[in-house]
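In what follows, chain A forms one complex with chain B and a second complex with chain C.
Let's look at the complex of A and B:
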């Protein structure tokens, strides 16, 4: 953990060397997700509700999902560059060091520019909290924290899975964007609105619903009590991802160069 | 030696001039066709995207607002037309996505290699234009067929329906070409702005998200409030995917359609004109950044 913190500081410092570029990219990020928000806004100007959710509740959902995703992206985006590491043969260097491989890959890159997006997510969440009349009790605050932790775990698991698959394909699978960027894009609405099938898929295959829809219904006093614990169950998703990664490391034969 | 009459020579010259750019188009078109695995990934992604988007619109369609009015009655176009719009949009995504730009052009401007291009007896604007057209077309050709095929086979309100009439289909093709040209002409402005800013990233990200939103890629323009829609329809961004997709789905017809096609043509001429002027200015006062 200490080592990871050190990586974190080094990355942060190196990014701060180019302050202007950093700020500009942050603003760019802000714009990119701002148009998604505008899309939601204009849809609700016309329809006022979606499957029983109001505009404020959707903003709450959108804010949390975006926060989960962006936080995971800051910390786990190192996996995104993993195909490059593999192809350049740099993973050999990582393996000979007497430290955990995952830690080193994570440390290789962090995406601090996502801060712009987190800022927006926080705004939306705060606005959602402000206008919806949720009575905040301790279990509910805890649920939000669980959601953030579980969300980070699920998205990090997906990034890990993406990297693990590179061991077998030697190249990034672009198709994987469906699960990461797609989840960010369509996670703006509670998963249940996409219909029963999608909800089942998002509960049992990739646990998006566990970090978003179910705990959200608890926050809005519509769900059962134990829904608030589901984000923790979602953390189990990391296990198969980790297993595949381990399997990949064992099968790894360097591609040289 | 045989003497050619003057007019014939000039005509031949003009033909050969065009031929250069056709050659560029063919070169980049065949190059683009090589990326088949990438196309497969693109098809899968676009298909999921389209399906999820339609499910989202369905959710709005089925919902009842707190004031008791059903979402269905607030829909600005029929549900089948919305589904067709989304499938056509996904199938021809490569033609209109603003962020599909040629990175080689940006790097050639930034590292100074564009100087070699400027030495050649070609017009750099026309060359880049035909290059961008070609790579967009090849991507679309590779991707559109599987998506269209599956979308046609989907059950009634969710699938792709046939165009309203043969005439609508022909006009769809015409406006598709116009819309593509407007998109490329707009992207040319961003390429050329790199001559002045030397760092494309900032302008690019902001311009791209602006184009996406205002052109109807995030939500179709009819879903905007009427007042906003009226203004957006005059902007160049509405002349990109909005017109052909809405003509196909039958949402745009009659006088409104003719007006939209007129606006497309005007913007195409304007954007190309501005692009060429800026390009000339840029090339004249350029400093090359060699390395």
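Let's look at the complex of A and C:
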């Protein structure tokens, strides 16, 4: 963790070398976040209820999903640039250093522009919680924390999976963004509205539903009690992702120099 | 001590003809070719030895270095470095080695060199005392005092190479891999780098494995050369063994390559 912090500092210092660019990026990010929020607001003004979920409930769902995604982004979005590391041969350098490869990959690239998006997520999350008329009890608060933790695990797992696949394809797979950014988009609504098949897929293959739909129904007093524990089960998703990554590292063949 | 026994490595390379239509074809059906980067390579290097590892482009030099440094896993054969199999115990292995890739930098491009060093201190978990002592020694030997506060992107190639070498030695490695350390350097910088390597080997008894195309590097630094061609070791001995009377090291080497058909 200390090393990660050090990586963070050196990246920040690098960015601050270019003063004008740094300042402009910060300002730009603020406006982008704000504009995204307005978009969401106006969209929700036109729709009120979907498949038995009210406007407030959907907003809560969106707030939580966005927060899960953004938390995962803080830590794991570095994998986005992983194909670049592979193609430039920079992964060789990582391999000859006595630290965990994943930590080094994450530390090697950081995007500070994310700061704006996190602000936006915090805002949406707070707003979603505020407008929902849920009577907050201790188990429910705990469930939300589980959802955030589980969601972070699932999205981080997806980012890791994306990077692991680069070992085999040597290039980024744009299609993979369907599962990451796409999931954020369709995660605005409880996955059950997309139909039974999608719900099954999101339960057993990529466990979106475990971090979103099931615990949400519990929050809204419609689900069973043990639904609140499902986000923790979703953490298991990290295991196969990690295994594939390890397999990828063994498969790594570098490139000529 | 480094021992390499019967190491082989094969790459699968996809092939296609030029042109757009064959690119489309290749999307569906690919033809592969197997390239034997290394076949049955064995050698032993003692502690404190300085070895020149030479051979034409594509002979397998980089592959060997990558296996020795734990990046690649060979298809067959064994490799032991100070009792550790590099790719099985990567983390403890890499604590004991330093690697300089002459064509790639390990310094952070935009920040002063000293900031990069501080981060390396953290990566290698060097204790503060050792770090200070090593930094002082390296600053002295490589004449870095004026460079440490400059961002890496503003250094000249020669200055940067000196900083690179220092960066890979901060953690006191027992073994140093130098992959073309003098490539593109001017005469003064080349001499400075060579002199430093000699001194390091003498004072710290660091094992140095040097790959280069510059025969003067080899003449100045190493007694022993391992010559590799087409993935096989062609010579393991002294440079004088291939020197021809009346021609330079470069010409003799070219003649040697020709006579082996590489």
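The criterion applied here is as follows: the second predicted complex is superposed on the first by the 216 of 257 C-alpha atoms of A that agree within 3 Å, B and C clash if a C-alpha of one lies under 4 Å from a C-alpha of the other, contacts with A are read in each partner's own complex, and residues count from 1 in each chain.
Everything that follows uses one rule, which is that a residue touches a chain if its C-beta (ideal position, glycine included) is under 8 Å from a C-beta of that chain, and two chains touch if they have at least 3 such contacts.
All values reported here derive from a predicted model rather than from experimental measurement.
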In the superposition, chain B vs chain C on chain A residues touched: B
Which of chain B and chain C A:250 touches, first, second, both or neither: second
First, second, both or neither for A:39, with chain B first and chain C second: first
First, second, both or neither for A:93, with chain B first and chain C second: second
First (chain B), second (chain C), both or neither touched by A:28: first
Chain B versus chain C as contact partner of A:52, first or second or both or neither: first
Chain B versus chain C as contact partner of A:7, first or second or both or neither: second
Contacts of A:193 with chain B and chain C, given as first, second, both or neither: first
Contacts of A:17 with chain B and chain C, given as first, second, both or neither: second
Partner chain B, residues of chain A touching it in the complex: 21, 24-25, 27-29, 31-32, 34-36, 38-39, 42-43, 45-52, 54, 173-175, 177-178, 182, 185-186, 189, 193-195, 198
Of all residues in chain A, those that touch chain C in their complex: 2-3, 6-7, 10, 13-14, 17-18, 89-90, 92-93, 95-100, 104, 250, 252-254, 256-257
Footprint of chain A on chain C - complex, ascending: 11, 58, 62, 66, 69-73, 90-95, 97, 99, 101, 103-104, 106, 108-111, 115-116, 118-119, 122-125, 151, 179
Residues of chain B defined as touching chain A within the complex: 38, 40-42, 44-45, 48-49, 52, 55-56, 58-60, 62-67, 71, 74, 76, 201-202, 205-206, 208-210, 212-213, 218-219, 223-225, 228
